[in-house]
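Going by the order they are written in, the chains are A, B, C, D and E; count residues from 1 in each one.
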């Protein structure tokens, strides 16, 4: 198929990755990036907003061609859709109340790398286990963080799954849970808002292969040609620093994937 | 290791969430029904303060999506720190109790309107006959108005009951693990949404099918006077009430 | 049928309007104990409305009602409408006044027997078994024994009317208000019902009977009121009224001729 | 009042049971054009059911009905119950048979005038203005001209009954079925309504009238049927029946005595 | 405070206009759904009241399924199923590629079919409140079935159904919130987007709720006026005035 125009779907409600402006137009890191990628591929890009719940079925039904919605590349998802090379890989961390008992959690302000290899990760995990014993941790359900938390903390802490990230923040503020675990880019922008003024990141920022490959664009499995076009464009954009530039603009930190195999 | 999708696993995970769904439903519908009776009483009262309050209540709870009500009740009230020291926190600190409360508050508004519709359909002649022998207030309500009104309101109320079964799915918003929440989690993990949701839908359909049957039976029992005379049994076995 | 001198029911100067239309223009009557008062009048003259005002199913705009010496307390609502001051009192007095409605008004969700025992059991709180026995005797008396488990919607017009009469009697009221109690009955049953009413009169019950049966007015009642356009046009003993025919209107009315 | 020899309505061997209870046990009647047939009978004897079977409001279990030479086609449903074979035919025939119900059955969501023009305008598709004029004339005739914009629930019993009669007449039916058309009326109005019915008879309309007015049966009708427990107990001209009183039951019935 | 005014105002940075447009969309899609629902619902009610066993079973099945299944699912099925059907039909005419069912249409049909099952129940309940004699009177003058329905039954059903229909309207208004999965920008969708884009969840949920309340109060007026209009022919016993 000869791709002249490509329709890209995003939620439009996940600032700063993608968001809606009051005039109804879309904006955000992924919009800027997609515009740049389309320029490179010499195709015309159209954006549409799509609710998270209908995202993958709509892609497969043919309503649009690409998903760029902070979609983590996972093996489960690979069974139903195809992914491009990742264009971002984000660190994750715990967040709690400034006045809470975990505010002094060791390692706050540092960055650690976890590989998913138990032996390598043990020292970091053990420290966290000690601190989180008997606490309640909130996470967004069906994310790459679920497995990490279930594997390492389920036996000593209560894990509560929320539909959206905003809800675990609200429950931290309300005092129903002790910490939330999520994407750093999300926390950075969430903490800038008055509702979350009492919250802060506690403990180390966690990066590394444990979170998988990172976030990539999603395609119908049949559209391998389109996927390859995107992968190439992403590789170029990473190489010439465009991704880094946009990342700093939107996230105030660099989320460029470290290793591009 | 890739954990792969399996229908049997999905089925059993949904089944495990069934008790939560049923409990949410039963508690909220019973509490909501009792509240609705109080509200409809106030609504029909001649006291302006009472009827004004009831109107306001019905207006707010019928007028906004349950999703928003639940969100504000659970997360909104939670933000007020001073509530943590009051007995209200006893309810608000529990996800389950808050979900039941939100569901009950909402259904009370709807049910009150339904009951009022039933009351309006009671023939005035029969009410007069009750007044004429000195019935009034609660007695008149219990013996004459309520039985007839119940019969009239039952079709609409069965709808409300069935809606409540489905509304329990919103409890996933406050992280109570009921059927829809579990289904959404599975669906988002394995990305086969429609299939998983259809299976979850089948659970609701079965519950609702049973409920609709029961209400239908009740309706039939309550309306012998509207039916043609059956060929057998001209005399009811018992004299009710 | 001689009336004792004790006043069982006294109605003073009742007025009632529906919208623009004044239906009752100040009607008064004193019923002594044991009185049987026939209320005659052409269709739409306000007979039913008058009966309904007596037990306050319709709230009169003016006037007072005294039952067995007890005045029903009324007060004026902010909007100028009269209303009963004391709901309890009204309930109590209503339970002592029996009423047979022109349109029967049986409770559709109850069988005939249930209709009959409803008031005695739940309003008067008499023992259920006693009430059932009494109700069955009453049904026997009006010829409905074999219909006791029927719902009103499964009965003929005359059967419903008899059930309504029996229901009123089951309350053992002191004062009875009958609104055309024999309209749906055949001559045979009319005779029977009139006999029942006569025996009630002999027991000393007070009755106000709206009727179109001249024979009843003449032979059973000891007083006749003729309403015309919301006013009492003629009032007196049947002998006086039917013999003298002073009122031209009454004469026309009775003779069945159009004026 | 001489009946022509043309048969307007013929009913053959009608049977009807409710549950265990057989209400009509094979009733037949031939009504010639211009006939006025009084149907007498005690309460619950099946008079209303009989009228209701004629225009198939109640489906008979057995029997056939022929209106103006046209037989109403019936078929047997799987469950053994008889049912009309052709809905259109039934509708057409019904629009030629007028019915005044014992309980009036006025449409409560329409004013009196709307009740009257409903059938002529919508079923018979006659011009609206003409129907209104005719309806107003009818209302004048039954003395309801000033009530034409009232809803039924705001009218007295007698007014409702007169409205029901007028509604039936507004359809200009060939055959009229009256179910106790004067039960709620005072003697004056009874006289007036009977006059109306007599004039209808003179115009050659066929009428079946369930009534408890012996004077009507005697003086207006040319034939009297006496139903007893679902069977025709006596049938003949009023003179024959009322003079000879062959049937003991009929004698008791008329004299208003209990047997 | 100033911040709030800016956030919700009608200026370039304010969400006022966006939300207002969403509110209009909600009204439009709910109205369309109500009309579809009234049409389908009266047929279903008729089927359920019919003497024909097959019709009764079909009617029962309809209400059981459409009331018993979660609303979201029905909207999904209508949207994706409808789109698949449109695409397949287009292919027959040689038109390639995906042809989406417009999300407005899909939403209106989805919510409409759900609303039909509720309306059917309301209509059925009201039907049983009609005095049977009045229907008989209509049969007695030979009114054909359809006319009987139009002239006698429907007006009376509407009379009794108004409170119940008020409920259905409310339900549909809120079911319309689920159409956001098809991408239609109605109140819920707009509030979610505004909240997600600004992280002001409370403000936008309260604003969303308020918009629904405003719609409710407007529609309440309509229903109350309707109730008052039909009350003319009722006779209410003293002391039981409904409103």
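In the analysis below, a residue touches a chain if its C-beta (ideal position, glycine included) is under 8 Å from a C-beta of that chain, and two chains touch if they have at least 3 such contacts.
Chains and their UniProt names: B, E = Octopine/nopaline transport system permease protein; C, D = Octopine/nopaline transport system ATP-binding protein.
Because the structure is a prediction, the values reported are computed rather than measured.
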item	value
Separation of chain D from chain A in steps, with touching chains one step apart	2
Farthest chain (mean CA position) relative to chain D	A
Chain whose Cα centroid lies at the greatest distance from that of chain C	A
Between A-B and A-E, the pair joined by more C-beta contacts	A-E
Chain A-chain B separation of Cα centroids, rounded to whole Å	39
Chain C and chain E: spacing of chain centres that average the CA atoms, whole Å	50
Gap in Å, rounded to a whole number, between the CA centres of chain C and chain B	45
Per-residue overlap in chain E, given as positions that touch at least 2 other chains	72, 76, 80, 131, 201-202, 234-235, 237
Contacts with two or more other chains, residues of chain C listed in rising order	57, 103, 153-154
Set of chain B residues in contact with two or more other chains	75, 79, 123-124, 128, 131, 151, 193-194, 226, 229, 234
Chain A - residues contacting chain E, complex	11-15, 19-24, 48-51, 53-54, 57-58, 61-63, 166, 170, 189-190, 192-193, 195-196
Chain D residues touching chain E - in the complex, by the definition given at the top	55, 57, 87-88, 90-99, 101, 103-110, 118-119, 122-123, 151-154, 167-168, 171
Touch list for chain C against partner chain D, complex	18, 40-44, 47-49, 102-103, 143, 147, 154-159, 162, 180, 183-192, 212, 214, 252-259
Complex contacts: residues of chain E adjacent to chain B	63-65, 67-73, 76, 80, 117-118, 121-122, 124-126, 128-129, 131, 160, 163-164, 166-167, 170-171, 174, 177, 188, 201-202, 205-206, 208-209, 212-213, 215-217, 220, 234-237, 239-242
Chain A contact footprint on chain B (complex, rising order)	2-5, 75, 78-79, 81, 84, 93, 95, 172-173, 175, 181, 184-185, 188-194
